[in-house]
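Dropping the structures in below, format is structure tokens.
The two complexes that follow have subunit A in common; it is paired with subunit B in the first and with subunit C in the second.
On to the complex of A and B.
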């Protein structure tokens, strides 16, 4: 009887604490929701903000605040979430009318697919070697490959730009001895696909190495006895069995290239779709010397992101299982 | 369907700076249609030998011939072989039909030929109606049959089987063993079969190749390996439970061991002289309680022993006998000298810790050179003339 009155006299926090002590699961669950909410807000808010910008008519973009004053029961306050100033879904159509934005998307898509195919094929060969063969210097070589991804991409830009410009022959380091004159690759897919492939290769090699290393030797032996070469065994047996790993590497590469800005903005020097400018180039072309159409840029960003969102939703199960099972091994 | 010939096959590999010889100068000549078992303890080189035949490993030295072709450096797919793996190795992402037809599809056989062969192979291993299943939906025995079907469908010259029954339970193992024998009869193909189970080797093969330490110890029909082992290793490896070994030395008229002596005329056997160190080998079933010595055509002297542990198996009793002052808890070396394992009739009245006498069947007493392990003779002839020991034994027989 006495305890009952005690409980009643305590506040809700004390009661919640009491129950949490008895059942710690509640705390973990509560923390999970808090963390979830935090990540959801931080990742989704930019998209919400883009949407707000996109549907706001261009004339009202710069006038007034996006945070409306709300008067309720005579008390006026600032609503803490930005809301559109007006409703203009027309922007999503104007986006395609003003510049051929679909072509920029196609460029990005083509660059991403080409790079992904190159990366997966080459990284598969490397992953096979690193994952399944024993040879002296293996760990050292792997380290060297991973070291490529330690360098900031900016470190490669100037030499690559010089090389892709094709104006002067490549010389031996520290000398004037010319080796060869590279073809002019600026404003062609080559100037982007080549560095993208090289930069995103190490991660894919690492992922595929852990996956290919886990396929039992017996299966490869069986395939070879049945009539494949080593290469045939890789593509007919090892790769299909490592599908989650291949999917992970492919999707990561695809997304990275699709969203790439740094190299493509430098290598595709013009913002014309016909010159292989990717999505970012397209978005920037809404900005002219005298106007900046924020609402169109926002709408284009949303349209541009959609394919990746769809890809991730479709492949997410594979990616998650791929990343975790790869992580278990090493 | 072809002969298989290994000449001076040696495989060395580098294990962290240390050279390991997995197979050492292996010479084998296997006839068309033979069923050969490679048998030996783990690490004896049997799997490596198999892999050099399959082409999964290239030998450091030596050549491999299949039929009239030198296949030493050919890739596995061009050797006309098929293999059944220890871990079965079905492709998990393909159904049974695709697994079985994998090799045929790679070789671009016409579809109707593939269908016909797959059907026939499935029929042989009794897998009808399961062609659409995935490997993960099948039991261990069924998977094993798929693996065998995948091998026979290609109609290979040589079949390689690497411990195919190792992962099956005991009952299924015996069943699959009979099926394999039936299969061999039906296919009439050369089969190389690797196992560490000497019983499997005995029951299945035309000839057994016993391997140890990367070397071929003996290759002979199972009963020859059993009755006339070439050396101590083969003698100890073939037969279950294994042969009793007792170390001794040769005197002018006997073989003296620590606890007993046997009449022996050194002149009756080539390559042995007084003072030589020899090891006596007797199988458990060639030792009899002295009371039953009439059943033995050529019994030896009586040997005093005391029963230690009895293991009734149903059709026989394995009795561990201690000789002399032998104690149970002894080092392995002493145990072999002071202990005999005897297989006796299940109806015998015998108890633990009972003093009895046993006799050896002299016709099946093996002599080995202790130093080299080489067999000297596989039968100890009775000494008929001279010292009268035989007579005295004859008296005691009455």
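On to the complex of A and C.
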């Protein structure tokens, strides 16, 4: 009787500890859930903060703190989570009126789709070669592509910017011999699609090499016996059979272009949507032109992030398999 | 029969010829033919600019912009002696002027390396934690995995905007509590080098840990599950299983992932440009962008030093991984 009362007076924590000592599995499960909750909160919290800012009416943005004082049982304390100061979803409409944000997103989409198509076609040819053919120089060439992909964009940007400005002819390196004068590409899709394609090509090559290499030779041989040409076998047999690999490379390239900052901000010299500035320009124009409309910045960020959030939820299997099979080799 | 062949050859004589020519190539010739587009693209957008950057770094632009003078490695020498610091934005330097924290963070070379080392260290630990969670079987695993991957897919400009809004002096709710702890400057936070560096490191950890987690997860899932059964029979605790089986087996994966991420982290630019400015956090890429319109030779020299540092890291990676690198 006495022991029973003791147990009760120790409360639930003590009882939990008691059981945990008998069964360590429980501790691991508890740790697991605590860690999972921690990671979920830390990854998702910034989006919650954007939402809080976006729905706060612009007039109240600067008044008072986002962390309200709460009085609980006579003790007043600061609530540890920011809460909106009022509710006004108008920002999600204003964001398209103030600056044509939909046009910036459309530009980003167009750039991402164009780059993805180029990358898939060119990387398919290379993936076929590296995955299915044995030839001298194979290892060396793959190493070369690997090395190029590691170099920082900053190492390419100066000559590319000068070339895309189209002011002076391209000269043979280390001489003054002019080769040709390139067209002016700044503020056009070309000045961004070209660097994007080169930058994100290696990852797709390595992903497609893995996938194309796994198709049994017999299938290709059968198609060839049927009279398909060599290229036909690649585009009509190998590629369709490796559809998951192609989808993986496409999704990763699309996300990479949509996320790109360096060339997007440099090659589009103006932040006008009409001059092919992608979402980088759209978001930055809120930061530089409407410097205190924080609710609009937050709303624009939420709108801009939605396409990739949807893509991640829909295509997460592809992203995981692509990053794990190709990324380390890039 | 004869009419059919005739029609076919008339329709696409050239294409058929090209196809027949392609059919008769040896494997090696065919391989190099298919690689032409990749060579052209990488040659035009990567190899030529790289060589040209090196070339530009050996010249000084004359002030009237009419010509250029060959100066050899002068640009590099002046970068490292500090003579070029006056062309860099704000009070930033290339190599640190002294060993105080402020001077170190004001140096392009040091702040880039500090950023890479600190953020990658945290990303590795957090990524390992996330990978261990995602390696378990539980209901809702797909949703948790999606939630953890999402930051990786967030555009850099939006990542920057999120942290700008979180620490901005007008609406940023996060600055006062962290300033009370002495981690951030209480006012003008985003223009204070130490505080801004802290913030962009946090931002990078938030975005990129998931990437690390996925790389480590691949290593975890390639471990033979039978090993754990043996360990359980032998009476090993969960911690012992991790210490003696999991960790040694994923160590090579972690090593490669760390080097790979460090190389990427050295490119940092966008997050600095959106959250703060290049005059406050002078990363190497920042310095190239800030100087290339007016001081071409200086910018090219900085760009080439960046490429060289990364080149050394990549050589280490390739030597370490050996044939597996391919």
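Going forward, the second predicted complex is superposed on the first by the 275 of 330 C-alpha atoms of A that agree within 3 Å, B and C clash if a C-alpha of one lies under 4 Å from a C-alpha of the other, contacts with A are read in each partner's own complex, and residues count from 1 in each chain.
Assume a residue touches a chain if its C-beta (ideal position, glycine included) is under 8 Å from a C-beta of that chain, and two chains touch if they have at least 3 such contacts.
None of these values were measured; they are calculated from a predicted model.
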item: Fit or clash - subunit C, subunit B, common subunit A; value: fit
item: First, second, both or neither for A:34, with subunit B first and subunit C second; value: neither
item: Partner chain in contact with A:70 - subunit B first, subunit C second, else both or neither; value: neither
item: First, second, both or neither for A:159, with subunit B first and subunit C second; value: second
item: Touched partner set for A:146, first subunit B, second subunit C, both or neither; value: second
item: Superposed model, subunit A: greater residue contact from subunit B or subunit C; value: C
item: Touching partner for A:241 - first (subunit B), second (subunit C), both, neither; value: first
item: Degrees between the directions from subunit A toward subunit B and toward subunit C, using C-alpha centres, nearest 10; value: 90
item: Which superposed partner A:219 touches (first subunit B, second subunit C, both, neither); value: first
item: Subunit B versus subunit C as contact partner of A:61, first or second or both or neither; value: second
item: Touched partner set for A:229, first subunit B, second subunit C, both or neither; value: both
item: Contacts of A:309 with subunit B and subunit C, given as first, second, both or neither; value: second
item: Closest approach of subunit C to subunit B (Cα atoms, Å); value: 5
item: Contact residues common to both interfaces of subunit A (with subunit B and with subunit C); value: 229
item: Subunit A-touching residues of subunit C, taken from the complex the two chains share; value: 19, 22-23, 27-28, 30-32, 34-35, 37-38, 41-42, 44-53, 55-56, 126, 129-130, 132-133, 136, 142, 144-151, 153-158, 161-166, 168, 170-171, 173, 176, 206, 210-211, 214-215, 217-218, 237-238, 253, 256-257, 260, 263, 266-267, 269-271, 273-274, 284-285, 288-289, 292, 296, 299-300, 302-304, 306-307, 310-311, 313-314, 318, 323, 325-326
item: Contact set on subunit A toward subunit B in their complex; value: 216, 218-219, 221-229, 232, 237, 240-241
item: Residue ranges of subunit A touching subunit C (in the complex, touch as defined); value: 24, 28, 32, 35-36, 39-40, 42-44, 46-47, 49-50, 53, 61-62, 65-67, 82, 121-123, 125-126, 128-129, 133-136, 138-139, 141-143, 145-148, 150-161, 173-174, 194-195, 197-199, 201, 205, 229-231, 255, 258-262, 265-266, 279-280, 283-284, 287, 292, 294, 297-298, 300-301, 304-305, 308-309, 311-313, 316, 319-320, 323-325, 327-330
item: Sites on subunit B touched by subunit A in the complex; value: 54-56, 75-77, 81-83, 85-93, 102-103, 106-107, 150, 154, 160
